[in-house]
């Protein structure tokens, strides 16, 4: 149908949340029900649209950018409103739409401290626009804008609704509120990264001039890849992009913002941050860095692999030392994203497929983990694992769900988490031609050992929090188990975990075609 | 470069000397009145120089506008600010040395630049004075726009000056800062 | 009679004017010094005109404009000096340093 | 036989003069109670002036010159005329409430402001030394007085004194440079100068002349080391006047500089190029770093406007330093686009300061804490303008930064790359102090002992806020609006 | 325009089928799915039923048993080898992930074992678990385990095998830690899971190595390539090094699951779980998964990875003997049986490593029955006495006659007394060892048999003979528990007959029945070439029996005399060996120390680096900007300028600064700055341009 072909549906998916945010903005603060429903309906419409796109998407030819449009936007610098979705970005788009719906349902009647549901809903919808936009953008400047747009709402979410407990900053004997320190750290980290990313985009733009008209258009830049990666400064360009994306993933040395941002963020904030925002970095690698500068990608692949593996081990070890439950889950994200980056660094079909299904699975599972952690924090009013305990006796349903999702998170086969890690190791066993096989195989073994450590800290957390006798502190306390909103938000995620685990084709069916195309173009451009 | 054979060089150099000394008085005299009078001397010397350089109209404008109106304004200014008439040591402040060095370096720079490119160009215009007629044609011809604009500058300056300087009916209390 | 000495004279006047602006304590004397500098500019212009003999007497016209604008400036200057004098009973520039940093 | 004047080209100036006169007579005739009509009159006058400008811009039958080349009305001039009129319009809107509340002389205030606007409009199309100088003096003359408008307040007196003395000194230096220019090239109009400038580009006198002229304009745009006057004057002067100074008089300074460098001596770029490079680097760095430590919001905006001037100088300096022609045209376009966006952002920021001060009753940033809780409207406007100044998409600032960065990177030489690096670091520092203000407004709790100011807000101030906010958001989302400024103007870079 | 569902079907054929199979094989996937359906049903409706969901579990187990029986009969009758798998994901164009099921000799045997033992244990559990807390969750996890075991056994490709493998691990974690109220149980569960997970690393890496080199996960393809030495087919990467490395890694995985020395430490602690769990999982089915994997990949070990077998034999022998000794010193009856299981697993591993494919599986087959019997017997004893420790037992034969007699039969089978099942399977193993020429291992095996008999007699004597030392009065368990005991006792007797090598009197061989061997041989790559003697070697049988009878005699001598306390009766105090055995070779302490190091200092160090090193770097960047701002503001703006130009204090003269400024705030200073700036610029550029 023509509605789909000329990009209207994708533009709707991207900008409808913005319209929703406006509508919510206009509804006066008193009618809480009215704007809550308005926000939910917008999110639902966007979700339905994305699922319709998933249904009508032509999986046979999933490498082609479908439902796209290419309207001129800023002719003076040759960047135009070029959007489209292919096998790689489709799963992420659907995930982003669905997670936002669940986030709104989850927070239907319990809001964080300075109770202002209207502002929170507006920020959530703005966030969704940024997220959806990034996944459909096929123009560097458009990508950059949505990439940055995401920062603001998250900065305010952490800054205003964050955790207010005082926090002393090591070595500087300075105590500020956690939320202020975390929000400014999150913003400056990403801004620092994306400043260099912008410089690289501009470098690409200027050097794309001599092979045809200067352009910010990603598909055109991919065609120019052989020429671009032969440039003397191509190394620097890749370094800029690497920095921008690595900070976002987060990869090992640039990860210190993540634990603070997650622990300080409100529940829904950390869910969206973990489920989608972390994926913008790795998606950036797959969509922009690898295809446009394949040669540099090959040179950098060993370093990325090493950093990824260190990330896995470092993340798991750090988790073992945590006392705060949410901070433990945050470090687990560092570990899981380590597997995703290991998959990408192998530059094989298996590796990149692993990265995408790993991203989707991590989104669903860690999203759930943060939901549960949030709900438990909401009931116990503490995240300190020393005080928690015997949760399964106090709240059997919550305990079961926590146990189930912890199993999924440690990569139990048959659940979503397993395929990402398994295929990343599979890719690492035999990386793309030209990559040092020995290094990647050692990386594979260390990764496999990493899964043991992951199992270690998760089961340790389970034992401390879920099992055992509840502390006498909670003796008199009566806890209401999972309420209907939480269940409505969580059941889809649990079903998704099992569905993807049992039938990975749900994701691979769409990504495999596009990844095969991507890897073949990379190898072609390398030769 | 200065062949003292012709009388005009003599006149010019005397005028130059007069201008320089009165200028010096303006900036170094201890007494405010002397400074003002020094300026009068400098301006008069310049008018003379202009006559030598055959720019009568500009000379007379200088005399009328500057010496007539501006100097009177200054005297009023001095009178109003009730500066002490006698010798006072107020005029120089502790930055004298640095100011002198700055001014000196500026002088060396400008005179070097001037001599470097205009050392020996002759002053042709000494003989035939430019007629005021073609000055007027130019003024009302090519430069009619600046001419009109200058009138606005003057208008704005005067109106503004008056409103700022006059005593207010209800002045804000001194020192009260209000955003 | 060549242009050189006249320009040097103008440069001397200009420098003395600068010295006056930098070193004088009283606001009115600074205004005097500024008039001196503008006068130096006028000498320059007229001297160049007589050297170049440009058909529309550009130098002299420019000098005329400079003089008129200078007159306006003096008007404004004295108005401001009067203003500050009424409020602070002193025209001494060093007293006006309340805002810094 | 008088000169042939092309009255259509002069239409904007004539309309302005008419308004000037009308305001003056109205001020004299009207009794004190109806004095506010002068404001209404001046706003009407400005809208009438805008009509011919738009008409000339849209009817693209090329540049119209008169007075044998000394007065040119081309796209470049028209765009800046439009900008000056718009800025003037907004400043008047901002000052209506401000002036009324201070029981000052309204009539003269608007008269002086309109005179200054007239000066800048003339400067935009001046193509010879005399007209440029007179225009410049017409811009700064009234401002010297406006700076001291709050006669009772010592700070305002000091501000006008400082501005006046330094203004006159820099005018003298400018004139000295112009006299030498005339002496060396024998003509006053820029076309003649540019021919001569090519052969003179290494004679010391010419170098001195060019640089003295540049110093004159550098003072106007408050580039370091000629910026010392700006913070004190901005703090002392009434806020709408400060807004006008930080936007229009600075833009006028840039217009003067652009005309002088591009039209008068394009081939002497080996002189003014490196000079601008140094000024740009210094201005950005000193402006940003000192802004970090400011506690008073107006003083912070002062240093921020110095820093922004530094950012505007970057593409300007790149055009001077780099060699290939289309990089120069792009850089030139970038400067103009940045000025256009900066105008609206900064006016908006100052409007917020006026609106906010009514509630926080002080300039200290900590007094502005928690503004969002009791005055979300103003805080929201503050958020938009400060983050736009910081350059965060989707607000217009990001496109300005992008254009500035791309010009710097496009320059191609090592020096431009170094400048781009300095600009990048400065952008991050700049973000920090803008964010500090936003953080104070949004996150910090309301300081105790805070008494809410007068609730009612003047209509015209809100209108000013809305206009600037609309432009900032529209230009952010659809940058083609501000890109239009850059492209149409690039033609002038090609020469005369 | 293919939409979502068609896409899922497209991309290559969805369903792959090998070998001929009737309707029975086609629908075999039902037994895989049934347990998971039961899991969901129990969780949903379990609470309301009388036995809290037990009925659903037993019903499901009965279905699996029945279907398994049919499959067994069908495979015996027409030797069908059938494999079918559905594609669930494809990576690149080669690697395909599938869910599938295999019905051939090996897997149908395992279906039968899991089915029968499972059903009996489930019914037993109904009785045993009555009145316990959280039974619904128990039955759900139990069915989950059964499902996982069946998926593991039925998997046609290594990926699905890994899935089943780890699911079984999780089920065991849940069941061991069933009474998670007190920390010891949940720690035991974690210990089991971690040890398995460590071993799983080997399994995953090995599976990946093999399948990536071969290019497909299907076991059929891997074995095809392995048996033709990888030369002909399309597996250029599959050299002998990869084969041996892969085989060893798989063995490392099997070591974890089948509790080979030194990875056996989790099995004795797994006894913390309820006894039915120990019976089904830690005796009959789960622990044999490792042996099953070795059997499934046997052609690999026979053809290309022969180099791996010596290591396997060594590990098997060590397990066989060393753990047997520990069983001697255990006080908890379940721990004795646990160590006995580990030792028997050592037997099986040694057999398969020595090339005895049928011997190992036959021993697995018989061991499943009598070990399950022993565990259930111990369970009913514990149920009666309410304590695991033999110190509270003694003289129970009077109170629990049925449990006593079945326990005796089980012990006899375990010790290998003719004609019980244990004798034949153990003899088969000794025959394989003898034929393979592994004489040293043969004697270790015989010594092991002696030790087995010895500790079983000790256990029986301490529990059932002498006077009752416990408090309270023990009673025989109800019918629901004793009936399965009797059935299992029957099996323990009959199971031996399944694979009788036959008695040779002169020329005639009588009572020879090799059905079991053919049954196991019906699979791909059937020519497995293991040794089948045409009749029972009397020599070996004699040695085995003498060792067994000797053990029983010595045991009876030492432990039958009653004494006022059980400790007094347990007079086995071998000087040096006793403390070491008591401390279980200090292996547990080594493991705990290792975990301690990882969890303690290493993690704290990492966290320290995170807060102190990385955060400090980041924060210092943040604060540096502020600091630089302060410096520029104070030093440059106030300090230097004031210093130089107020001229009073005589600040250290700034070296030749040509930039002269008059102090801030002062008007002249700004004017000076302006002039000096202008002059400096001009002078600079004049010099710069003049050359």
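Letters are used for the chains, namely A, B, C, D and E, taken in the order the chains are written, and counting of residues starts over at 1 for each.
What we mean here is this: a residue touches a chain if its C-beta (ideal position, glycine included) is under 8 Å from a C-beta of that chain, and two chains touch if they have at least 3 such contacts.
From a predicted model like this one, the values you see are computed outputs, not experimental measurements.
Using the contact threshold fixed earlier, the set of chains in contact with both chain C and chain D is B, E.
Taking the definition of touch as given, a chain qualifies here only if it contacts chain A and chain B alike; those chains are D, E. The most central chain, judged by the distance from its Cα centroid to the centroid of all protein Cα atoms shown, is A. Taking the mean Cα position of each chain as its centre, B sits at the greatest distance from chain E.
Counting C-beta pairs in contact, the chain pair with the largest number is B-C.
With each centre defined as the average position of its C-alpha atoms, the distance from chain D to chain E rounds to 76 Å. The mean-CA centres of chain A and chain D are about 43 angstrom from one another, to the nearest whole unit.
Between chain B and chain D the centroid-to-centroid distance comes to 31 Å (mean Cα coordinates, whole Å).
Annotation: 103 Å between the Cα-based centres of chain B and chain E.
Among all residues of chain D, those that touch two or more other chains are 130, 134, 137, 141, 144-145, 148, 151-152, 154-155, 160-162, 165, 169, 176, 180, 183, 204, 207-208, 232, 428, 432.
Multi-chain contact residues of chain A (touching two or more other chains) are listed as 184, 188. Looking at chain C, one finds that residues 14, 17-18, 21-23, 27, 47, 51, 58, 61, 65, 69, 72-73, 76, 79-81, 83, 87, 93-94, 96-100 touch two or more other chains.
Two chains count as a pair here when they touch; such pairs are A-D, A-E, B-C, B-D, B-E, C-D, C-E, D-E. Of all the residues in chain E, the ones that touch chain D in their complex are 625-626, 628-630, 632-633, 636-637, 659, 664-665, 667, 669-671, 673-678, 681-682, 685-686, 688-690. Residues 633, 637-638, 662-668, 671-672, 675 of chain E are the ones that touch chain C when the two sit in their complex.
Listed in rising order, the residues of chain B touching chain E in the complex are 93-95, 98-99, 101-103, 105-106, 109, 113. If you check the complex, the residues on chain C that touch chain B are 1-20, 22-29, 31-33, 35-36, 39, 42-43, 46-47, 49-51, 53, 55-58, 60-61, 63-65, 67-76, 78-83, 85-87, 91-94. Within the complex, the chain D residues that touch chain E are 161-162, 165-166, 169-170, 173, 201-202, 204, 207-208, 211-212, 214-215, 219, 225-226, 228-229, 232, 270-271, 274-275, 286, 289-290, 292-293, 428-429, 432.
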